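The following blocks contain the structures, represented as structure tokens.
The same chain A turns up in both complexes below, where it pairs with chain B and then with chain C.
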Partner chain A sequence: MSSRTFPPMNGRGLRALSIATVAAIPIALALVFFYAPIEAEEGFLQKIFYLHVPLAIVTLCGFVLGGLMAIMHLRTRERNWDLRSYVAIHMSLIFGVGTLITGSIWARGSWGHWWVWSEPTLVSFLIIMLLYATYQPLRFAIEDPERQARYASVFAIVAGAFVPLNFLAVRLSTEYLHPRVLGSSSNLPPKMAFTFLVSLVAIALLYATLCCYELTAKRSRMLLKSRSRTLGFQ
Partner chain B sequence: MVATVGALLRKELLVELRTLESVPGMSLFAVTTFVVFHFALNQNSVSGDEAAGILWVTLLFAAMLGVNRLFVADQDQGGFDAFLLAPVDRSAMLLAKALALFAYLAVLELVAVPAFGLLLLAPPLGQTLPDLLLVLVLADVGIAAIGTLVAALAVQTRARDLLGPLLALPLLVPVVIGAARASSPLFVLAHPTGPQVRWLGTLALYDLVFGLISYAVFDFLLED
Partner chain C sequence: MTPLATAIPGSSNNGYVAAAYIVFFAIVLIYVAIMAIRLTRVERGLRELNERAETPRDGATQGETRQDGLGEDDAHSQARERETV
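Up next, the complex of A and B:
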């Protein structure tokens, strides 16, 4: 394999992205703690909203993005798309665990229970996490690398399409027992909405940066392997 | 296409008739599960939401047995290779397998639903049967579409018996929601009513979306 098969190591892009992330997160945190007003009903606890909701949005977008990249992989047969799809789903799984934990803390604080079945978004999210938790067991139970990439892509497409449909079904099934505080960002006061948007950007930047680091690491490892093979080490 | 699907379906059903590997096991599993539920819940008869839940959990888990076995013979005995050698559309395999799985589910329900009525269900089954039949058909289409796709995915892996249900159960949660909510008003004691349209709609939407997705991606599982 020549080095041409691997795109450049995205060194410069990676540096810019890292700096942007390192800058965005403290700004978002400062806005959350010092700029956004304390919510009248829930008090200080409501601040977790600025972490939980962006995490959830980024996770779900990552899952759907992984599905779109898998479509590209099946259409072009380029291993790079499969690698991107894998990294997107892997990172989303990690962010998803964060979403479940912050959601659980929020539910405990505002409703008194760690888990609330009547909150459709939380329940749908759990089902989606359970589904994606089988992505890696499925992938690594297939030995042939070409078939592994192909089967993982098929899974990523089916699961990506499952995300919106599952939300619809679970939402239909739940009677709203709890008043939906801050259900959509459209009715947020402007200060809160601004803070929320900055947090969303910060979390999305973090996601993108971590994905780029993982991609670069994986590509370097592949490059090293192929180089050491051509040089005769092994 | 129709002739190919017909031939493949005929082969599937013939193999099942001669080996009796899936359907009797699925039916027996369902009946045994009803007995298990009787003891686990310590109840002689159930109705409403509880009855719908027991029926759908049982049917879903019994279906998993069929899903797990769906492609095993093709994988172990070279059926895939023989099929790939034939100059026919590969989607025919999906359609034939899904139709075969649908037929297995129909036979399973032919045993399991009367057994459920006899063993556990408090209200009589007779009046609500046409409505229940509609729910069963809509749910079976979804289970057959996703079940076939998942079976084809899992059969090539090392841990195929484990991965099949692990993949299929979360994917089938919307079917369980739709089917259980649609059938619970049929099982209430006082005045059973028909299923709500929104649940039938959910099931139909699921069938449509995942039927099309399975059709779109299945070809990629058969390339070698």
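Up next, the complex of A and C:
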């Protein structure tokens, strides 16, 4: 590529992913509100389940993914893996905020409280969020790019390993108030299960699309800066 | 098996459901808006860079042909085309 040409802001893959996301979200919403049956105990309030649970699953998977990408960065020393790890964690934080807010709204409607401190699932998720809330301050406190990437990767790996351990610990704890979705105790009717799966796919697609846009924007900005320096404009 | 309602329950909780979905889409919308602003800034930066790169080389690059057979002007117009797609 010539030093005076600049990369396109998007590609065919990103466009296809965006179209799939834009198609999946209305389909999921239609299934949630017009196809899935209403649950007897919680009634219409249970519809939050199709948003809150996929958000939580995608958030936690994103954190783990960030850790795996950080491992790749430490193994290969390629800057791209660090960037991917950063974007995965950054997006998971945003989705995590959505999970906490939708969860609180559901708790308020279902239990009459915005937050229940004795509920292990809620508190453990908050602990994970607070842990990852320190990722960006840690990262941007280091000026040297090499060191920044290395330290951030170590953090992402340790915190990423903590996520499944934390999930297992909560699962194994005896005090349950939180509704179980996945596992032996979950017996969703087929219509509910199908709607849940479509919602999960839609949220995962949204996550992937936003990650790709964020990556493209970051790469473009980095390239812009490096080109500016190369051409002596900075 | 999760019990299903035989009749449509009262609508006292509809507000919570609406609030949850609205909050989520508001978060996504705010994020997309921030992203759009940042991308606009990058595009403006690219445009300025292109303009500044063109200025000092105007005289020197007239008729100059690159290895891929494209003149500098062609390359710039292609780059600009890709930038706005």
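In the analysis below, the second predicted complex is superposed on the first by the 206 of 234 C-alpha atoms of A that agree within 3 Å, B and C clash if a C-alpha of one lies under 4 Å from a C-alpha of the other, contacts with A are read in each partner's own complex, and residues count from 1 in each chain.
By definition in this document, a residue touches a chain if its C-beta (ideal position, glycine included) is under 8 Å from a C-beta of that chain, and two chains touch if they have at least 3 such contacts.
Predicted model, so just to flag it, every value in this text is computed and none were measured.
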{"item": "Combined model on chain A where chain B meets chain C, clash or fit", "value": "fit"}
{"item": "Comparing the two partners chain B and chain C, which touches a greater set of residues in chain A", "value": "C"}
{"item": "Vertex chain A; arms to chain B and chain C (CA centroids, nearest 10 degrees)", "value": "130"}
{"item": "Partner chain(s) touched by A:Leu224 [first = chain B, second = chain C, both, neither]", "value": "second"}
{"item": "Partner chain(s) touched by A:Pro37 [first = chain B, second = chain C, both, neither]", "value": "second"}
{"item": "Touched partner set for A:Leu172, first chain B, second chain C, both or neither", "value": "first"}
{"item": "Contacts of A:Glu78 with chain B and chain C, given as first, second, both or neither", "value": "neither"}
{"item": "After superposition on chain A, the shortest CA separation from chain B to chain C (Å)", "value": "26"}
{"item": "On chain A, positions contacted by chain B and by chain C", "value": "none"}
{"item": "In the complex with chain A, residue positions of chain B that touch it", "value": "149, 153-154, 156-159, 162-163, 166-167, 169-171, 173-174, 177-178, 181, 198-199, 202, 205-206, 209-210, 213-214, 216-217, 220-221, 223-224"}
{"item": "Residues on chain C engaged by chain A in the complex (per definition of touch)", "value": "1-6, 8-11, 13-14, 16-17, 19-21, 23-24, 27-28, 31, 35, 38-39, 42-43, 45-46, 49-50, 52-53, 66, 68, 72, 75-76, 78-79, 82-83, 85"}
{"item": "For the chain A and chain C complex, residues of the former touching the latter", "value": "2, 4-10, 29, 37-45, 47-48, 51-52, 55, 94, 97-98, 101-102, 105-106, 108-109, 187-189, 192, 206, 210, 213-214, 217, 220-221, 224, 227-228, 231, 233"}
{"item": "Chain A - residues contacting chain B, complex", "value": "74, 127-128, 130-131, 134, 137-138, 141-143, 147, 150-151, 153-155, 157-159, 161-162, 165-166, 168-170, 172-173"}
